[in-house]
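Pasting the structures here.
Here come two complexes built around chain A, the first alongside chain B, the second alongside chain C.
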Partner chain A sequence: MNVNKKLSSFEMFSMTLILIGMKLSDTTPSLFAQKSQNALWYIPFLAFLIVLPSFFVIMYLLEKVQAKHLVNLFELLLGKLLGKGLAFFIFLLSFLMISLDSRNYVEQIKTLYFERSSSLIIFVLFCVVCVFGAIRGIEVIGYTSKVLIPFLTASLVLVIFLVYEHMIWERIYPIFGSGLQFVLKESLFKGSIFADFILLTMAYSSFKKPSDFKIGGLIALFIAVLEITFLFLIYATVFDYNSIEKVSFPFHEITQYVQLGDFFTNIETFFMVFWLLATFLRFILLLYLQTWLFGAIFNIDEFELLVLPLGFLSMVIGLIPDNSVVTELVYRNQLLDLLTPVLIVLPFLLLAIYTLRRKQVT
Partner chain B sequence: MRKKKAQTQQKQTLSSDFVNNLDQLKNCFSYGVNNDFSIRLLQAKYNNKELALCYYASLVNSDKIEQSLISPLLEQEGASIFAIITAESVKKITLLEEVIENITSGKVVLLMQDEKVAFSIDVSNFQHRAVSQSEIESVVRGPKEAFTESIHVNISLIRKQVRNSQLITEVLKVGERSQQDIQLVYNKQIVNQELLDDIRQRINKIKVDNVPNLESLEQYIEERPYSIFPTIFYTERPDNASTYIDRGHVVLLMESSASCLILPVTFWTFFHNPEDRYARVAFGNFSRLIRYIALFFTLMISAIYVALANFHSEMIPPDLLLAITAARERVPFPLILEVIIMEVAFELIREAGIRIPSPLGPTIGIVGALILGQAAVEANIISPIIVIVSALSGLTSFAISDPSFNFTVRISRFIFIIAAGVFGMFSLMSALILWLMYVVSLKSFGVPYLAPLSPTFKSNRDVYFRRALKKERWRPAYLLPKDLQNMNKNK
Partner chain C sequence: MAKFCWLVIGLMPILFGCEDMVELEKQSYVVAVGIDKTDQDGTYQFTYQIANPEAGSSLAANNADQAPSEIISIVGTDLMTTSSTANAFVTKQMVMDQTRVLIISEELARTDQFLRVIQSVARSNQIRRGVKLVISKENASQFMNNNDPALEQRPHKYYQYMLSRARETGLIPDADIHRFFQITEGDADLFLGIYATTIEDPKDVSGPEDTIVAGEIPKHGGNSTQFMGAAVFKEGIMIDVLTAEETRIANILDKTMKMDELLASYPDPVAPEYNVAVKYIQKNEPKIEINYDRVANHAAIQVIIPFEAEIIAIPSLINYSQVDSYKERLKKSIESYAEHVTRQFIKKTQEFYRAEPFYWSLYIRKFFKDIPDFEEADWNKQIYPNADITVYYQMKRMHFGKMLDDTHLNEVRD
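The block that comes next holds the complex of A and B.
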């Protein structure tokens, strides 16, 4: 029987929320806090406002050109060679980003729960799960996200509820943290924390209607930004001006802070369960989209077969940096700064080309 | 080549030579050696011709033969044979193959002198058990009767609940040497045509000598024989069958199976219980809630215990942790081994309990559960906490009433325990997410396993919990029924 198995807007919503919303629980807040201290909480919001037009432009172009996915869009607008070249450039950047990101998560797991284990083994297990998950395809990833999103949201709400008593609102002052110019510069250059969303356009054709992609994606983006902003605000008000830059994993730190009544005093493992599920889903999705991007660039139809080699490669790249401090403060920071201009300029460049070549393209 | 020849030989028609026909039949059924194959010769009164009644004495009702065949033929006058025989069903047949098939399925075949056709009269009387109470899927509130090993009785149990002329019982044949009937029962106005074709095709593809019953049929038509998840629902309750027929599912029945197969199905079919619907909304949902807790316990409690006690002991409150450590102090095994020993022991008792002759059952149960457990704790082989944990996970597994799904849960439990032993919560969640993605990727006859939760389809949203019956207005759209609405026009 031929049941329509394409994705709908709710699946898009869940995938986007997991993909973007997870930023609240990794090392992004501590990266922001290095430069801006307790003003970190509104940086994501400002950064989002800066990159939002780009997302609109990309979605507009996808719809107008009737492209199947991102690579297809580039090809239609820029011609085959240039389009593929550009796509490959994006692939390299995002692949590096994801490799470093996954190392980042592995380090979190190691530091918080398995101090005496080697990162290699955790990384291998992590990659095995991502590979086996990604092989199941975008539909299954979407459906699984949808099944899990209520539970993940519920756990987040519980964290917020429990941590509420530890918040001291006065700690948002000084409102500009270390200084307005630092905050603005940081907002301008860290728009790329939302760059993963661009990768989701690879799945553009697996939705029932193009509007499912647009509506689900946009709603999820707004909710994710609000969620991130609110959680960052909690970090700022719980940890305060000076100590916040010394906290490397604020989310896990606050789950260690909270307690459920007098009997259950250490419930961080409970929240870790949901955090792990979301993390796995996020990297499964990223790995799949990466592989899809790669397959589309080199015209490989059965790109699912590449999940294993690419997963392995990303693990190897992720293992290159010596330690998590270097990964976080040097490589990831620079890569984010590098990616942002691309993310801001490129869509408008494409839009300009589209207006010039409108007749040829459509 | 030879097989082909044999087939064409069997396709031969009856000749007008009565003796020849009879000889062929005697040959086919090894008359004389084959004890219960009987031929009764007689002379009809109405046309004075020789007649032969051929049948298996063990399959037919001899009183009925005597009353509706032999005595009318010997005594009555009439224009044709149809006016004389009083049995309710008489059919003309012309092929030798048909004659053989009719005799093996319990009919009397009447051969007549100078006739090229034979008559098949239904007087079959297959022995079967009476309709009895449902034992595996028992309910407190709701019909108690269960299917029995007779296809006619089973169909009548379904028809009793679905009074609809559109309810079709279609026959398909399966088996090369021993031909068995499979009855497809469905509502013609609702069921999806593609689904029916798919089922027919899968059944026609079976090329084996014999498919004795539904239990083996299930394994021939399912998509993934090695999967730990069942994709066809096996139930002994006629009310289940009729509910699912009304929704647009197809039910398969076979002779000598006291149950039916329902397909396609989803995860929820296995988890929901008919009583959820018979009880009022609040009561039904409460019992569902309890079953969710049971499902969580039976799948996870042992694994979580392994993960927490081995890797995340900081999460256990200090008093409890001290109690656990004190109890484990004199136990020589590592914790995971201890859990596996206990879980395996429980499975052993369970398996033995099913095979044990019933008079011995309770005694062995007491020996197994009480004495063995107590002695093992006193001998410091296992700690008392493990007894509690594994007893909890074992007992809660009984709340999952469906026998196939019960196996799924029990096998998954071992996967999770082993996963939890590797890297605590990290590996346990790895296993869980892969397990979940596997569940999501499964399909039963094209229907996603977690539908209508994910992917979403129009339905009554009877997923985690059900709504009031008055609000149920849709058939599940994932079955692509011909008639989606109309289930209930209440507003």
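The block that comes next holds the complex of A and C.
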């Protein structure tokens, strides 16, 4: 395949959109709905506003310090040992997150489409595909994202178009859902659903220009947030506040519910293809970035060789929880709550250190 | 050779996908499911109508005498385990992906057992949310066995077309499982299920033809199955049956029900012994304005229903289209007749059901800041039964079809 060695801003845009935007189709909405009921739809937006400054700070620092990637940034600012330690801490958290996330997706595939296959086999196949994809490197991933994004967007637009007639706008009231304090608390602690974006900074040096990373990433983030907010709004208006708590996969419930005229009635498999492609791409990207992070921490240049063991390890961790309800409501929820303060505070800490150091130098 | 071996081994995992493979030939497609009460709580009789995919298809023209479907009944605790028990005498695996309707006997629907059995139906991921909910007057198994359409024999198409057409005319409500759970779990409104029967019990109809429910239509010929009217569910238990006219009113007043036009007859104002046939066209949603008094927990509801009418038949042959005063009288008469029946129905819901089937809880929601607040005010029990409701119909336009004038009776008889 003829692939440009360096990534462009559109490839950054596609990768970010797939990485963040996929949140709309997993169990995140039902997780939000547990606490906030029908107010779930604007939580992603509030959460994004809370974490946005952190993203700006990270990008600003990357540019000023002229770091190659995230670990490099930590090392330059905090010194070798502390920087690596911090990076390793982030690696552990996000690795756990991805393992649980992948289990979540495997459960979705299993309960919705492959009832009889065991989770193990689906997980193994899932990992094989991810490892196979991740080994090809960031250029191929970026290129594939770029090629797929129009199709994914088109299928999403079709879902929205078909479900539109089932929406009842009045269901967004009462506007504060289960109560303002719960909604605000939930927004404050769930900023970490955007945490995957921090991992993308590992690829900072593989872009043609640093501005490609910044422009593509930011535009994609905004669009992803709008997309997530709008889809969550659809979930809140199609399912009422009492039902949304009980539905574990609202996106798939919707694709099962809609029909294309009288003739095409059971059309969810059509959407499943695009959804599955996006899922694979997302985990390929995540696995690759994880491995890169790991390689950078331990100074392993040929980190692509680590994709296989790390993929295997994440599968083993993902298999530990008993069932998807536990994974979703207990582990993932706690992990998200834990990750958010780190995500919010850390960049500002780094910024403080950066300004102090600069003063010392001058 | 070694390369070839690796290729074979490498391609092996692709076969994992076959674990869930089921041949089309090895599946029985259940099109309709019926649930009946038995003597024992927690045990139900399930009836499955299994479609025969070969009947009615153009490919199988030479074996035209195949039955389009098979109906079996079996006693059990829930839908899925019973369907596997049924494999003792059904040759293939029963799948419910293609199920179109769920038929519940009225007897079961009137008990609290109904919610228990339908919960288990919703949990299974084979039954879709779009499955329609039909309440049959007799036992569901009897209903399904009696149902014998002559023209549309393929059962899945029969149910699909039958229900969608009856919906369009407003004779039945839009009732799928999705809506049932929305409303029952929301616990603020009444749910309307489709009412149907195969037992004919014709009723003498004097006046407009739709003050009846399924089974009471005075008709000859055709399938004995009738879908008409609605079963009213309060908190998951059926409490009453609405006539076709009441169902239409509920459809008109509920903005979440998609209804375009319906044919109905209204009393002729000038010659009261006749009716005027009118096509009622609803282009815009009804305007429902609620003034809510928070302190007294009291609401005043104003309903304005804009509609258009097309006059289809004037058996009295009065010249409504050209005489303005007659036209005005007809307009007023239709409006006031519609207002009268609507007010009567609303009064019935307030006093008798003490809850509404129009999904109006949607409009009161914006007065509350959060759900605990909303639930405490209790729209269902406190606000609605005591609300002041005013209804106005507004005829925006009157069409007279393609004839300018009717035949002049006195000239013909001359």
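We adopt the following convention: the second predicted complex is superposed on the first by the 354 of 362 C-alpha atoms of A that agree within 3 Å, B and C clash if a C-alpha of one lies under 4 Å from a C-alpha of the other, contacts with A are read in each partner's own complex, and residues count from 1 in each chain.
Here is the rule we go by: a contact is a pair of C-beta atoms (placed from the backbone, for glycine too) under 8 Å apart; a residue touches a chain by one contact, two chains touch by 3 or more.
These numbers come from a predicted model, not from an experiment.
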* Asked: Given the touch rule stated above, what does A:Phe114 touch, chain B (first), chain C (second), both, or neither?
  -> both
* Asked: In the superposed arrangement, which partner chain does A:Asn266 touch: chain B (first), chain C (second), both, or neither?
  -> both
* Scan A:Leu125 for contacts with chain B and chain C and give back first, second, both or neither. => both
* Should A:Leu281 be classified as contacting the first partner (chain B), the second (chain C), both, or neither? -> first
* To do: For A:Gly133, decide between first (touching chain B), second (touching chain C), both and neither.
  => first
* First (chain B), second (chain C), both or neither touched by A:Lys146 -> first
* **Contacts of A:Gln37 with chain B and chain C, given as first, second, both or neither** => second
* Asked: So, does A:Asn333 touch the first partner chain B, the second partner chain C, both, or neither?
  -> neither
* To do: Overlap the chain B and chain C contact sets on chain A and report the shared residues.
  => 113-114, 117, 125, 128, 265-266
* **chain A-touching residues of chain C, taken from the complex the two chains share** => 13, 16-17, 19-20, 97-98, 125, 128-130, 160, 164, 178, 181-182, 185-187, 256, 258, 362-363, 365-366, 368-374
* Structure fact -> Seen from chain A, its contact residues with chain B in the complex are 1-3, 5, 7-8, 10-11, 109, 113-114, 117, 122, 125-126, 128-129, 132-133, 136-137, 139-141, 143-144, 146-148, 263-270, 272-273, 276-277, 280-281, 284
* To do: Provide the residue numbers of chain B that touch chain A in the complex, in ascending order.
  => 192, 194-195, 198, 264, 308, 311-312, 314-315, 317, 422-427, 429-430, 432-434, 436-438, 440-441, 445-448, 450-451, 453-457, 478-480
* How about chain A: which of its residues touch chain C in the complex? -> 37-38, 111-117, 121, 124-125, 128, 165, 168, 170-171, 173-180, 239-243, 246, 253, 256-257, 259, 262, 265-266
